[in-house]
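Alright, structures below, take your time with them.
Okay, so subunit A shows up in both of these, paired with subunit B first and subunit C after.
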Partner chain A sequence: MSKPTRSRAESIARILPALDYTKIGLSLVIVFFFAFFISPIWTGFVTALKTTGAVTGTTPFIPPGPDGFTLEKWSVAFDYLSTGIVNSLVMSVPSTIASVFLGSIAAYGLTLVDWNERLQFSILVLFLVGIFIPYQAVLVPLSDFWINIVGVDDLIAPVAALPYFTARHSRLFAVTATHVVYAIPICMLLFRGYYMSLSDELIEAAKIDGASITTIYRRIVLPLSKPMIGVVFIYQFTMIWNEFLFSLTLIGSSSSPAATVTLVLSGLGSDLSGVDFGLRMAGAFVAALPTLIIYVLFAEQFAEGLASDN
Partner chain B sequence: MANLSLRDATKTFDDDGDEIIAVDELNLEIEDGEFLVLVGPSGCGKSTTLRMVAGLETPTSGSINIGDEPIHHQTPQERDIAMVFQSYALYPHMTVYENMAFGLEESSDLSDEETEEQVNTAAEMLGITDLLGRKPGELSGGQQQRVALGRAIVRDPKVFLLDEPLANLDAKLRAEMRTELQQLQEDLGTTTIYVTHDQTEAMTMSDRIAILDGGMLQQVGTPMECYHEPANLFVAGFIGEPSMNFFDVTRADDVLVGDGFEYPLSEEMSASIDGTTELVLGIRPENVGIVERSSGPTVFPGVVDVIEPHGNENAVHLRFAESSTDETFTSTVDGMRHLTGGQQVGVSFPEDAVYLFDTATGDALRHRVVEDIEEVQEIGTR
Partner chain C sequence: MARSKDTVTGSGSVSTGAVPNDWRDRLRRFSKSDVVRSFPYWFIPFSIMGLGVYGGIGWNTLISFTDYEGFRERPDITNLDLDMYIQALQDPAVIVTTKNTFILMIVFTTVTMALGLFLAILLDREIRYKEKIQTIYLLPMALSFVVTAQFWLWMYNVNNGLVNVVLGVFGLGPYNWIGSPDLVLWAVIFALVWQFSGYAMVVFLAGLQSLPDDQFEAARVDGASAFKTYWRVIIPQLKSSSVSAAVILLIFALKAFTFLYSMFGQYRVPQATDILATLMVREAFQLQNWAYAAAIASILLVMSLAIIAPYLHYQHKQGSL
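Our next item is the complex of A and B:
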């Protein structure tokens, strides 16, 4: 049998894979969204590397030329933000740890410990209501509570004697405590989903082995929560680090020695002479640095936690 | 010393206002060192019973005692019991050693050296010494099962509770573990309650079987008693594989009229059924004889339907030639015996092997005659 002869175009067409319009469409959508999400970050990043003249003289997303390039904005931003970063760390780390821990204990008590189911449910409802209280609604009562009722300024006055701290840092303490309280419900909810998926028999086996409620938590539940702790820690740290409204309400001014990084950032690069876009962009990146570091450190646990939660 | 007793133990669950009775006034006495198997279909209340003994469920009413001491108000932590779960419930983040030591650390005040010694002894007993450093996730199902057992025996409790511990193993391993578990329990001499839905496990492992259905105790007895002298229809049908053949019959003078056969009543049989007219006739497959079609009062014409070869024996599904329905019954015959589908045969129901039950109550009215029941029991008791 002889083979039919083919034209050159036919041969090429045979080698190429068949055009799949769905795949092409999908790729285009992916490219579009990639560009959509990456362009502001990219524009911000290149702007942060430009001199003030280059910012106004060039298209925003074009990288600076050799004469328009500077790292000066980064060092200025870092100088400006350094106390803010320290304050934010002093606030975020303890409040994240405390809220993760308390959220996990609350979830344990509401899922794996046997007691009055109706009461458990009522308390769960209270927690859920807590999640949906809008920030704006509590701002005035919140500052009234801390400043007039608790008298946080007098209460925490002794911390001013410590190195670095000043009398204004009492407000930072108030912000820290507020974040813990505000974060417990959502942390509880995240842990609750995870604990519900833990096998009941595991807890029952521990009970029969003679372990008390606290021992079961310490030796069984807490070690098994590691992946979820990673998820909640990242989530909570990011939320608290980026939070602005509580800091603004309780600390007030961006020039306060207790101002958090978000508060300082709000005043950065704008003065009577106009807005320094390069500085603002550099500041934004510097302020976001700790959250990026946390993501990298906990990435593995984060992925594991998300996978096991589904 | 550690005999366990349940008195009128009842557990009800509330299901949106409806009360579901899981266990209904259960009375059980388990002797010290005895191996009792709780058996029944799923949902019969056997696991609930076990969980009440463990303290994971509180009885709605009734009492549970170890020796003379009532334990039903105690928490699981206070009871000196160990339990093996169907899912094994090993602590996934701990090594095998830590898994086994956990119970000792929590329930006793042994020193670290003593704990180590006990764990090592138990591990040796089960042949898992070389697994002590591994995590449960790195073990096969059979190995995990051994660790779960090890976790229970290391504590040397008063009572062992085993909840379908072999259900997740493959058939071959299950048969091996059956013997091994039985041997282990005999060596330790610990009072044991074993829950299963598998009647083979119940028959082969237990000193006594307790059969439950619908939350109610049907019968307690040695495997041989339950097999040869079932208290009612349920027990007769549940114990034995393949299960007993049942035929609905009506008494007409001195014959029992069934669908496709008429069974002549002997004097002894009529005496045992008294005045009951609606009955169920039962006969175990191994007692159904396949013979020549000949005259004989207890031989009926039958037709071979399907043959399932098992090697050493064949399970033969038969129909009565004169039956109005397609319903079949089973006979087990020697594996070498040649039969073909559609073959015309005679089916013999020897009088000695026939059980009679009251249709209305399900109670057994007449058991098969076992000439030397004493000797049979002798073999049946370990």
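Our next item is the complex of A and C:
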């Protein structure tokens, strides 16, 4: 009776030194930070599934029981945000495509083509400063430009002829164009880092064969850029979708038919209910859904875009 | 007539010898050269960006010298003076917000970098699910500030928020994180650290992975502890990553507007969290004091240039531009 116990104790004693205490400690720290980063998001998620009574009646991070469970907040939030989602898509997709394209050709002209190095460098510095400046420094001119000089509200935008769009949507056009302009520098920088890592041999060989600058871009650089186009597209789409300051200052009101999803979400709490946290959380998830899906699918590309941001 | 003209120009070119030919030839070669052919590639994006950024800054500076205010008015640029800057220097709101801006910049940047470095060292080894862990740590960075502000508003709720529930386990609180002027700035900084430390981690991890492995080996052979190895050997070599991360975080803190606006749902945020960036947007888009807002924006721009210029100079000296 005592023999097997001893042998078990012995075997435990034998494996004990093999247990690496630092490794256990490390795992605990990693799990702690896992909880730290996920808990606001997790808490928001379970809160969005609760009835109003359960939101205040239960522990915030514990999923609702069967009587406190509801999907009603999600459907209300989705109804409330649906036009904003459409507007954000209409804005983000074209402006991302345009800024990725413009950033790519700018990086090509500044890295893979030989001309005055000094001039290239000064232009590069001007691009880099454009990445960092606070947008507050251009907000007053931007709103003066779009609202007073261009007169976006009186502009019969080409989109007004389409179904769904109204004249107010010309403000959405202003935001889209603004995003393209201010996204060019960062897209240029991301492509520049990639183009500098490309081997020169292929391009030199093409030059010797008499290929023109345009041919080299279309036949060699563009096909080679495919992975980077993915990275920049994912990164830039997330940034433009999440952006708020241009939407707020150029569209103005969260109740405007042209309001983007972030702008509508910012009005969700104050418009409908100050304390309905279930609805707020559901709204936050609905607004974040496209970026969350992209992040789950392409986390690596997003991290790459972020890491080469400097 | 046409023929005689032809002959005249023809004889002219003959009489002056090969010079015009050479000139024309050079022009042709120039037009086919890389400089000219590459012109549309960089010049079109450059001019669009230049108009928006530098045109915008120039215009903003000009507006800051006027008395431009009101709804749907145009600035009067015939009468320029420094009144708005004088007014800004005497405005108590500017003084308070400048102080808050500096607190936010320094505390947020320091804590985020320390945590990011710690996480990078933690994950810079062979562990299972490393990629997955990294993805979770970086997840807040993929979310809009409007979204994370909603999450933290709920986290900080006095009665039901998770922060107070957790502190309650230790017998602390409940604290009114959002309502109390003493706590609200720290609550905001904590939430921003949560959002950005994954980013700092990614930057430091990239720096750590670029270091050769033999340094760890050499330190281990010398019998240095893990802590000493990092402190004495590894961290000093992360200078370049640290500078990059610090600049990005400082610039972010300088222009942070969205998180504050979304958390409080209005232009006027609690005074304890009011920074220059929120003051500027409020003066412009709530109160229509365009010229005054432009002057505050100029102050913000100068502050950001004071960070960017040394950074670009440093990068250039390092040869990493």
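Criterion: the second predicted complex is superposed on the first by the 269 of 310 C-alpha atoms of A that agree within 3 Å, B and C clash if a C-alpha of one lies under 4 Å from a C-alpha of the other, contacts with A are read in each partner's own complex, and residues count from 1 in each chain.
Here is the rule we go by: a residue touches a chain if its C-beta (ideal position, glycine included) is under 8 Å from a C-beta of that chain, and two chains touch if they have at least 3 such contacts.
These figures come from a predicted structure and were not determined experimentally.
Taken together through their common subunit A, the two structures put subunit B and subunit C side by side without a clash.
Touch criterion not met for A:Pro290: it reaches neither subunit B nor subunit C. Of note, the Cα-centre angle with subunit A at its vertex and subunit B and subunit C at its ends comes out at 80 degrees, rounded to the nearest 10. By the touch criterion defined above, A:Val55 reaches subunit C but does not reach subunit B. When the shared chain is aligned, subunit B comes close enough to touch A:Ala205, but subunit C does not. Look at A:Arg219: by the touch rule set out above, it reaches subunit B but stays clear of subunit C. Between subunit B and subunit C, more residues of subunit A are touched by C. When the two complexes are overlaid on their common chain A, residue A:Gly230 makes contact with neither subunit B nor subunit C. Between subunit B and subunit C, the shortest distance over C-alpha atoms in the superposed arrangement works out to 7 Å. Across the two superposed structures, the residue set of subunit A contacted by subunit B and also by subunit C is 212.
Subunit A contributes residues 26, 29-30, 33-34, 36-41, 43-44, 47, 55-56, 59-61, 102-103, 105-106, 108-110, 113-116, 121, 123-130, 132-144, 147-148, 178, 180-182, 184-185, 188, 212-214, 217, 238, 241-245, 248-249, 252, 262, 265-267, 269-270, 277, 280-281, 283-285, 287-288, 291-292, 294-295, 299-300, 302-303, 306-307, 309-310 to its touches with subunit C in the complex. In the complex of the two chains, the subunit B residues touching subunit A come out as 54-56, 75-77, 79, 81-83, 85-87, 89-93, 102-103, 106-108, 151, 155. Listing the residues of subunit C that touch subunit A in their complex gives 34-35, 37-46, 48-57, 59-60, 63, 72-75, 119, 122-123, 127, 131, 133-148, 150-155, 157, 159-162, 165, 194, 198-199, 202-203, 206, 244-245, 247-248, 251, 254-255, 257-258, 261-262, 265-266, 277, 280-281, 284-285, 290, 293-294, 296-298, 300-301, 304-305, 307-308, 312, 321. The part of subunit A that touches subunit B in the complex is made up of residues 199, 201-202, 204-212, 215, 219-220, 223-224.
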